[in-house]
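Below is one structure, written out as structure tokens, with a few remarks after it.
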Amino acid sequence: MSLPVYVLNGPNLNLLGTREPEIYGRQTLSDIEQAVGAHAARSGLTVDFRQSNHEGVLIDWIQEACTKASAIVFNPGGYSHTSVAIHDALRMVTCPVIEVHLSNPHRREAFRHHSYVSTVATGVICGLGATGYLLAIDAVAALLKAPR
Amino acid sequence: MSLPVYVLNGPNLNLLGTREPEIYGRQTLSDIEQAVGAHAARSGLTVDFRQSNHEGVLIDWIQEACTKASAIVFNPGGYSHTSVAIHDALRMVTCPVIEVHLSNPHRREAFRHHSYVSTVATGVICGLGATGYLLAIDAVAALLKAPR
Amino acid sequence: MSLPVYVLNGPNLNLLGTREPEIYGRQTLSDIEQAVGAHAARSGLTVDFRQSNHEGVLIDWIQEACTKASAIVFNPGGYSHTSVAIHDALRMVTCPVIEVHLSNPHRREAFRHHSYVSTVATGVICGLGATGYLLAIDAVAALLKAPR
Amino acid sequence: MSLPVYVLNGPNLNLLGTREPEIYGRQTLSDIEQAVGAHAARSGLTVDFRQSNHEGVLIDWIQEACTKASAIVFNPGGYSHTSVAIHDALRMVTCPVIEVHLSNPHRREAFRHHSYVSTVATGVICGLGATGYLLAIDAVAALLKAPR
Amino acid sequence: MSLPVYVLNGPNLNLLGTREPEIYGRQTLSDIEQAVGAHAARSGLTVDFRQSNHEGVLIDWIQEACTKASAIVFNPGGYSHTSVAIHDALRMVTCPVIEVHLSNPHRREAFRHHSYVSTVATGVICGLGATGYLLAIDAVAALLKAPR
Amino acid sequence: MSLPVYVLNGPNLNLLGTREPEIYGRQTLSDIEQAVGAHAARSGLTVDFRQSNHEGVLIDWIQEACTKASAIVFNPGGYSHTSVAIHDALRMVTCPVIEVHLSNPHRREAFRHHSYVSTVATGVICGLGATGYLLAIDAVAALLKAPR
Amino acid sequence: MSLPVYVLNGPNLNLLGTREPEIYGRQTLSDIEQAVGAHAARSGLTVDFRQSNHEGVLIDWIQEACTKASAIVFNPGGYSHTSVAIHDALRMVTCPVIEVHLSNPHRREAFRHHSYVSTVATGVICGLGATGYLLAIDAVAALLKAPR
Amino acid sequence: MSLPVYVLNGPNLNLLGTREPEIYGRQTLSDIEQAVGAHAARSGLTVDFRQSNHEGVLIDWIQEACTKASAIVFNPGGYSHTSVAIHDALRMVTCPVIEVHLSNPHRREAFRHHSYVSTVATGVICGLGATGYLLAIDAVAALLKAPR
Amino acid sequence: MSLPVYVLNGPNLNLLGTREPEIYGRQTLSDIEQAVGAHAARSGLTVDFRQSNHEGVLIDWIQEACTKASAIVFNPGGYSHTSVAIHDALRMVTCPVIEVHLSNPHRREAFRHHSYVSTVATGVICGLGATGYLLAIDAVAALLKAPR
Amino acid sequence: MSLPVYVLNGPNLNLLGTREPEIYGRQTLSDIEQAVGAHAARSGLTVDFRQSNHEGVLIDWIQEACTKASAIVFNPGGYSHTSVAIHDALRMVTCPVIEVHLSNPHRREAFRHHSYVSTVATGVICGLGATGYLLAIDAVAALLKAPR
Amino acid sequence: MSLPVYVLNGPNLNLLGTREPEIYGRQTLSDIEQAVGAHAARSGLTVDFRQSNHEGVLIDWIQEACTKASAIVFNPGGYSHTSVAIHDALRMVTCPVIEVHLSNPHRREAFRHHSYVSTVATGVICGLGATGYLLAIDAVAALLKAPR
Amino acid sequence: MSLPVYVLNGPNLNLLGTREPEIYGRQTLSDIEQAVGAHAARSGLTVDFRQSNHEGVLIDWIQEACTKASAIVFNPGGYSHTSVAIHDALRMVTCPVIEVHLSNPHRREAFRHHSYVSTVATGVICGLGATGYLLAIDAVAALLKAPR
């Protein structure tokens, strides 16, 4: 169980904390990375934390996770709602996948109500800001301990 | 901040652990109640844990929570998808509301993809079985500590 | 014609005046009850004023009204948009039925634009706050005087 | 507060009382004009009562009402369901607007269930025949007395 | 096989025979109860016959049937079309479930064409008036005899 | 039976013959007026032939036809697809109404496939160019002869 | 131009005059055949009049008409709304095709509002009873005379 | 009342018992024919039992039943969902029509949820396998006894 | 090329600058007329600037433009979304047509997202306030210079 | 494996080569039959090549193929888009089924985008003209060789 | 105000002038770059002109523009209709954003009628070919001068 | 004719043979590359075989193919269903384009039923596993030989 948890972040999350803080909060992605790493360590987990604006790069990373990660925590940003290709990549993953959104997409525009990731994720956590990432790590810890 | 967290459970959750375990898991609602109580205590929170099959009773409890609870953790079961009346009751609540589902509704029938509760909840946690309740308690603890 | 007018109020109307006053106004349901009673008396009508959060209780009352009421003034709240069972109960009523909404549902979310009650009501009055109840009483007075 | 209430009537209402009386009743528009005038006088209001089959004329009158009327009572007839231009004209009005329909459109064809006027009107009264106009005058009287 | 057949009746069926006889026929629910009891007896079956206007009560009874009934004959009335909660309760039942409607909903309004009960029922019988209940008893008798 | 047949033409038909001849043909509206008059005379009918680009004027003429015409032949042009007000005016007419289109709207854009006029017309003739008007006159002649 | 006009009749038209006369009139199909033959003769046209309940037979006849008929007058009955195969057969026809319906489908159920035949027919005549067939013959006569 | 009951079976039912038994059961159509005949005899009814894969043949038989049958028991198979022509044929029938399906279409693909036959049938019985035919015979027996 | 550019303005634009300035800006229509005239002069163009609330008048003007204008700049206001008749009039125009909207309709209500004018206009400019008119004049200048 | 491959052709394919060659090509069905036979022979397969305009006949042939064919190559023509009955027949087939279309339906009208055959076929080949039949034979050859 | 205007071009625009000139014109992207640069210089603006086929690269550039550009002129090509990720990136931009399309998407396929960019752009210019870029520069010049 | 055939593979196809073999088969992409190369050689064709998870890279390759390839065989994977940008790139291609899918998307989730590639491809082959690629090569060979 010594494989790291991949924490993957999709488009625009690199600007976190500097733009639209009333929706996404004031923490930067780097703040979250640090908090997640520290939190994971308490459960004996290591984290590989990445961000990309490129759909193809996210697919590459998910494919890599098939053999290199114990679990995926994934905030797919805007690709949640449009990417069948990411959906297909996630279908090939056998480890737990936790989808995280900082905001609650169900309170926003209609086009954010459907997620191609949710239909293949183990679980979904949304609307809880950066705390959502920490809860996702806890969920991973619980799932890795439990018989699946 | 000594008001309890209301943990409200909707229809059919009283049968938990005895029916459709492949979807909902093998823990009974009483098992969950105990686990939630113990987990909350660690964060200095108390829990008022209830279940009803009656939409009207759930509305009564949500109204009661307006003045008697510090937060609501709510698994609305089948009423998630059909109850505007519960939606309206939750709109009147000013404390945090965390919606929890044991299974991931996005992997199930289309009629489970929309929730009238999600559009008024602070956050949503689903697909993580009984662990979801514990994460919801942690979310409540974080939200009550943070400035809203 | 000495039967009372049933004034029935659906879910969450018991909290009137304390929650979301920018939508529903600052009068309590008890204020409205008094105003309606006084107004009805001027037309020689008596009023039986009730509220419930329970769909089943509202159906029981509508059925009771079949033989015990001269007319129904009904604010169905959130059940307007979802209850075929209330619709069916109202179909069995032969006296006038006036649907009242404090706010104007057509200015709100799409799911409030259809009402199962409107399709069986004699008339509908909405968007006029507590005044709507008084107009409904006047409508009842006019209808009971007129040949139907 | 000495400006008149504009009571505007849309297409085909000039034939009232002579056509489809089972839907619209047997009173002529002139009967209603007289009844409305008398009823308004009791509340100290004057009425400017008009009818046109022309969408453009109705828009002209609504624009005129912006500065010349204390309130609008409006039966838009068939334009309710199709006129964005009338909707836009009403958005520019700051006085109360009460939409009136003689019949209850929710009991009729599906294309009558949506009204572009309802989404900008203060309140809506329908299904109560000519009485609806009198109630609308009472609503105006109440709204003009109340702080808005 | 000595457990009774639960014959459950939803909202407004208590008024049977007194209202809208052109749709639902002239027999009262009590007439049907007697006929069903007598008919069941001929197949060696006993019947527990109930009616409620309350969705929650119907869910309670369905849950009770999980362990106390050999089969369910269910006329869900208006809840057929709106209740995911009843649907979920029925999913937990392992005995045969026969849905019965007195009228043929496919000949009525569009909102009656979908039933959340039909998608979990063993079989559906509709449009045959009170006779439908007797046929449902016969279906139950056949199903309980057959290997499932 | 000496009342004339009103032949009413909607928007843009005044440009007939000069624009888009591949869709509407090369005859001018005046050519059609003459042909229709001559054809009607052969059946002993007189014709009152008019055109307007104004919805309100067309409504005025339809209302006038209620008492002054023996039948209406109506090419509503673009208003076919959008005018509930014209639909309502035609509902008040008791004489035969024949809708005519020069082109066949079912072979054109989707928004031309529904006509508010067709749902109240006695009959519809389309796709036959100017000949359609002559057939409509023949249809009127047949209908006026026949018991309705 | 001595090829006959094929007058093809689809399912259930053989029962004409004996069933649902309030919708389809009291003339039998044989009455119509005679009237059509006589009427066509006046324009120097001959008619080949047929009826079948079988979609495949109708397709066979349409294919035959490609080389053996000068025009097709076609009442496709219920196949209007469902048959892509008939639509495809008609696309291969180069002579005029006039679709006829005895009743006006736009005044009936929604599923009768779309016709796969209308989208390939030259013209459509509906709502005019048996007269529609005669007008269709006149339309054919006009089309065969005109340059196409 | 000595006319036979027509029991008509649509496409693919001739293969019953040999294909997809998990959906349609193991009885052959011939087994069902025998069972139905025997069962009907007990109610003093005779049966004319037929099957065809051809829509046109089924229409011919329904038309024949207008004058030659006391009732129709009809399993339309796949034509249920697509045939307006069969719907129209059944509208012309005045005797009772009972639609039967071996499986419960509401538990299957979406395209099986609507039936053009249900909207004209007296009653519908589905999901009960071959037993459904026997219940349909009982329904016919009851209907023929009762005043309609 | 000495024909003027018709700048046509639809309903409610006469109130520009006095109503809803947060959406439409503070310039009056007369301000815009002046600015457009001056701007056009710089490109050697003359302008005929008009406004009407009447759909029929706008159609008359578009027809007039067929022969009297070198181009049309058109702000159709609310008729954009509802008028097939204006769409048809514009189809008959062969000169350039530039649709202008002061606000950006795609950021507003869903019913403003479709424009019957856009589907026949050469180009569309929106969201740029009064500047949009000037850009439209420049577009016209460029189009009239270029080979079409 | 000496059973023939059934090559079944639906409605209007008998006219191939003579009608709409820009869509379907210039080869006749007989040309294709010969080419397919020769091509199959090279893989040691025999072919039974048929065409019908009748849905019922096609169903009969598919049923026959259940026991008499090694595979089906099927061009269902217009029945692709409308026939649940053919879909059901194909569900009963256990040998490979290859759907072939001469043209590419996805480039044509919207009603050709869904095929009831595709949802039960092993594979689909379209847009490749007569070559598609030869490729289908190769696909069959490959499938019959491979373990399924 | 010395920051450059970013002129960003999405997928396939690099082939401009060589492919589908009947839709997109004959100018190459390099021609447009030159014309835009020269035109901008006249308003004292500099331009940074780029093109990419990669959604991720476009997002990177938009993010860069947040701090390095005075305005964005954006032709998103095919990503207009599908990219929520680009929409989200643009929401974070505070400078003016002008969307440009060479062709008029409203005259093309339905899937081009919605743009995720339009709902966050300041303004939209389409259908005017390369001229549209120049008008966009003028719009930027006007917006940067005006108080926002 | 010495340009190679581009065989382009979209997202996740690099994992072929290792993931979800029940859907996609057990052959790796490299196995397919070899088989395709050998098969093409037999028709005198050379192949340039590539795979990418990046939409932008696929667009680059398609653009390259405009001048460097004799044909494209394209398995667009998940981008089939979402990429207008790829659709636009393919529109610019004048050589044959054959779309290939290993599985039959019409038997899978609804979101796989529409392909933006199919609407611009010459032909489509699906559901035939790796054999589909070989058939595509044969199709290309036939198309390059034939006059287009």
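Brief remarks follow.
First chain written, first letter: the chains are A, B, C, D, E, F, G, H, I, J, K and L, and each begins at residue 1.
The criterion applied here is as follows: a residue touches a chain if its C-beta (ideal position, glycine included) is under 8 Å from a C-beta of that chain, and two chains touch if they have at least 3 such contacts.
Bear in mind the structure is a predicted one, so any value in this text is a computation, not a measurement.
Path length between chain D and chain L in the touching-chain graph (shortest route): 3.
By residue number, over half of the touching pairs seen at B-C are also found at A-K, the match among I-K, A-K or C-D. Separation between the centroids of chain A and chain F, computed from CA atoms only, is 63 Å. One finds 23 Å separating the Cα centroids of chain E and chain H.
Spacing of chain G relative to chain K, judged by their CA centroids, is 54 angstrom.
With each centre defined as the average position of its C-alpha atoms, the distance from chain E to chain G rounds to 48 Å. For chain D, residues that reach two or more other chains under the stated contact definition are 54-57, 82.
Across the assembly, chains come into contact as A-B, A-K, A-L, B-C, B-E, C-D, C-E, D-F, D-I, E-H, F-G, F-I, G-H, G-J, H-J, I-K, J-L, K-L. By the touch criterion given at the top, residues 54-57, 59-60, 63, 66, 82-89, 91-92, 116 of chain K touch chain A in their complex. Within the complex formed with chain H, the residues of chain E that make contact are 98, 104, 106-107, 113-115, 118-128, 131-132, 134-135, 138-139, 142-143.
Of all residues in chain F, only 10-12, 14-15, 19-20, 52-57, 77-82, 111-112 touch chain I in the complex they form.
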